[in-house]
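For reference, the structure is listed below as structure tokens.
Note that the chains take the letters A, B, C and D in the order they are written out, and that residue 1 is the start of every chain.
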Amino acid sequence: MTQYQEKAAVIRIERLSGDNVRLTFDCPDIAAAASPGQFVMIRVGTGNDPLLRRPFSIHQTDEDGHLQVYFKVVGRGTGMLAAVREGAEVSILGPLGRGFQVADSPACLVGGGLGMAPLLFLARKLSQLKRDRSRDTIILGGRTSSEVEPLVKDFEEFGMTVVATTDDGSYGQRGFVTAAFSSLSLPSPCTVYCCGPEPMLAGMSVLCRTRGYSCQVSVESVMACGMGACLGCSKPNRDGGYVHVCVDGPVFDAEEMAWNI
Amino acid sequence: MEYLKGDVQIPDLRVNIGPLSLANPVMTASGTFGYAREFESLLDLGRLGAIIVKGISLHPRSGNPPPRIIETASGMLNAIGLQNVGVDRFIVEKIPYLGTLGVPIIVNILGDSLDEYRHITEKLSACEVVAAIEINISCPNVKKGGVAFGADPAMAAAVTRTVRETTSVPVIVKLSPNVTDVTVIAKAVEEAGATAVSLINTLIGMAIDLKRRRPALANVCGGLSGPAIKPVALRMVYQVAQAVSIPVIGIGGIATAEDALEFMLAGATAVQIGTANFVNPRACEEVIDGIGDYVLQEKLASVREMIGALQVG
Amino acid sequence: MEYLKGDVQIPDLRVNIGPLSLANPVMTASGTFGYAREFESLLDLGRLGAIIVKGISLHPRSGNPPPRIIETASGMLNAIGLQNVGVDRFIVEKIPYLGTLGVPIIVNILGDSLDEYRHITEKLSACEVVAAIEINISCPNVKKGGVAFGADPAMAAAVTRTVRETTSVPVIVKLSPNVTDVTVIAKAVEEAGATAVSLINTLIGMAIDLKRRRPALANVCGGLSGPAIKPVALRMVYQVAQAVSIPVIGIGGIATAEDALEFMLAGATAVQIGTANFVNPRACEEVIDGIGDYVLQEKLASVREMIGALQVG
Amino acid sequence: MTQYQEKAAVIRIERLSGDNVRLTFDCPDIAAAASPGQFVMIRVGTGNDPLLRRPFSIHQTDEDGHLQVYFKVVGRGTGMLAAVREGAEVSILGPLGRGFQVADSPACLVGGGLGMAPLLFLARKLSQLKRDRSRDTIILGGRTSSEVEPLVKDFEEFGMTVVATTDDGSYGQRGFVTAAFSSLSLPSPCTVYCCGPEPMLAGMSVLCRTRGYSCQVSVESVMACGMGACLGCSKPNRDGGYVHVCVDGPVFDAEEMAWNI
């Protein structure tokens, strides 16, 4: 797989809510090569501190060479990235990792919090395939309205059923995405694509196993290189060994993982 | 890359590590460049001075539990735990590709005992592709092995002698900075037959996650690398270059051609680039280009004029 | 400073270094806070846990020629050369002001010989204001003295014993990180009667000015300090805290309350703030406030609960 | 002397020429306490790299609490400072050091390159004192027009004679400020206030000694603290000892210094 290190210009900055930012880059090589579930490593700042690139799922791409990331400000790196100016150039490395394996069966996309980020790209991809979309579902959950609402419209574009949940009930159904998922009657077979915090992924993994759905999960890990060179991003797998999130994932078959919850 | 424009002028960047001739002084540091293939679409591997691969042990090692890495101020800590596929799979799976690159391949090795070092060396010596062996006697991550060899001149010499006697390829000994006097170890391994020394490996460090009141790394301690350690590395390279007469390879926080040239002034014949590969996967190629530009701009007959050219006093 | 608002709740920040009681665990690191007066308009000196002044020798020293400092990645190198006014002028010119501050005054001392250490200690012991003596056995800047004492357990013990026998105030021994095993030195000085150990002093480093092809510092080598060295410092504090039973004072790259609390988790009873004073002259006070806030937020009975509270494994 | 660490808002950014930038801060405490020749230490960036503050002469202050610095982009720190946004807050420490000792005698101000920076503040101060200004002279020199021309108007406001020089003759007289100084017939006694590169200061020092003028020079040095705490900013003096630029200077009597030229 070919990867690129591009100097990408920031062409749009959207503050979707307090801490959640969506950046659009002009990044044609990576955008053209990317598939849903893959990620990029973005260099924040120019000095030696912070030193390492930060990983972000690819949120969307388009035919005009644009690439979007959608992220939450949680620390210094994301803080600096959120403060970038329109027109500034940022070094982006990608596309990285193995994304979602798109199946023919009806799809259920489940995103918790920032886990929604890669699902938009996936939803678009699914919508472009010649398949029956009427039985596809998207579940989007977050702690509160501001984490969910801003993206719902974007997801509704694809003609799939969108279910929203919030922990505090401020938008959509009150409760976790796992509860919403349990209460849905989904077609069978069905492929479930999940991204979100680990407890959610572990929960989804159990629910899917019970129902016999195949389940793909996108997981996170600290990363230094994002390309298999440092071996820093290990996660335990079911066999007692390790997988490396950046090259073996970030998307895994849920059955491969040893959840550490 | 001035020499690619108009009137062709090619800077002489060749350096020798004992009998090993390198097209330029820039190598990849072990453990930071995988087995090279990871970088193939990002830079021209054929331009590298040499490729040093991730440390190889006799048997496969699965490494430490996560978290294995954590960022620090201008640096990072790693406790990978020397994860590697083992020498047999390395030879079958990695050597063939590496052999196609037309660049000297240096294999970094590690072991828990002299016997283990001997066995790996025997197996690697049978591969024509292996241009040199770099002995990691300094890895701070594995509780046995590592530190003990690198911190004691007699043990360091013993490993060197073992490998030296087992192979005819150049033997580079990679020194640990976690010692009171690095020149003592350097002299001991020179005496024991090392073709060259490379330094520094990582400084032992630690980070704490205040929220969880736990070490940030599962292994508690890890190896500190990156720009943060460059001053320590430069000092040790300078000291060792004055203490030994074999070539010295400088490592530690090198990210730019200027960094590399500073290490050469301090006495390094060549350099290795480590953590910078993560930040900028094209770092090695950019450093090679930058050194070339410098040699032309300064009208040096060869980059070798820089080696040890620091003016002191 | 939550405890200054509304319902008064004062966090218990007191810690003890042997017989010495400190209002809080935050001290200034020697050589980074001058003789304290320099900072009087920028922070409330009376709030400091203790003030440690610039290292004092028997005779005045004029220090090294410039350049004496150079910035590095997340750190700096210094080769001040232990410039100081000498113990006699110190006592006449600096002690009276320091005595007015109502804060324990700790004097950092250095010498070229055991005799010199003894003489300084005698003179300082005659000053009531001197609450403790910190012995610098680790300074990397002066060619004789410094390193030799700090790198050898027997010599380190000898200096400690000399000072210990000469004074009745607490004796803190400041350890050098430039050693293979810092716990060996720590145990030696504990045995020799040290009240506490403080660590780390600077790592020996070097920087090169490529343009001039010269060392960036006139002294060639210097001491590396600042955030860059924090991982090394934290590791050594953790190791030493497990090796000795006297209090450990953590030093190295501390700039925030979080940094300080991490050192306490690793086993430090108190901390010193060095280079951060240059970047933010109010650093010490902000760290004290931040530790106070943490103690209240986490509902700790005292900051002492943090000492060595790291959960490992 | 009272010093302050202020969070100062950038209220104006002037790019006076390619690399030369003038920033105006809202910095009332330091502005009120400052005198000509003193300097400030400015924190650039927020991470640990670059770590240390950068020293800058105080270029001007006004009664509204504004403080200006005028600087050239020579490296990373000045580059970051030049890229600051209007409205951004920057930490400034000052006023630091010992400034010019304003004398009653006629004044000659000599600034080379960025050495002009502190002289504007000095010129204003001199112009405000009840003294005869007609015999005061200001010599401003630089390599080329862009280093000199942008400031000439500001200096002319004070009614003193302004002489400009450039090394390449692109503005004012061709040649060094020392040559311009030599060719002037100045009143005697006269106090000469200089700031600029060391060779210029050393040259001015010799010229003034020959003519019996008292000469004050503002010198530079690497600095970590700017307030006498680190002892890093030493310069050799005539006695074979060291002075510390940040507390003993930056302005010294030229006779005190041992020029290392």
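Remarks
Please note the rule applied: a contact is a pair of C-beta atoms (placed from the backbone, for glycine too) under 8 Å apart; a residue touches a chain by one contact, two chains touch by 3 or more.
It should be emphasised that the depicted structure is a prediction, and the values quoted were computed from it without experimental measurement.
Chains touching both subunit A and subunit C: B, D.
Shared contact partners of subunit B and subunit D, listed by label, are A, C. Measuring from the averaged C-alpha position of subunit A to that of subunit B gives a distance of 36 Å. Separating the centre of subunit A from that of subunit D, both taken as means of CA atoms, is a distance of 54 Å. With touch defined as above, residues shared between interfaces to two or more other chains in subunit D number as follows: 47-50.
In subunit B, 73-75, 226-228 are the positions where the chain touches two or more neighbouring chains simultaneously. Taken as a contact graph, with one node per protein chain and an edge wherever two chains touch, the assembly is complete, since every chain touches every other chain.
Touching subunit B in their complex are the following residues of subunit A: 1-5, 43, 47-53, 91, 93, 221-236, 241-242, 247. Note for the complex: subunit B touches subunit D at residues 73-74, 227. Interface of subunit D with subunit B (complex): residues 48-49. Subunit B meets subunit C in the complex at residues 72-75, 77, 151, 178-181, 203-208, 210, 212-215, 220-222, 224, 226-232, 234-235, 238, 253, 258, 261-262, 265-266, 309-312. Looking at the complex, you find that subunit D touches subunit A at residues 45, 47-50, 76, 85.
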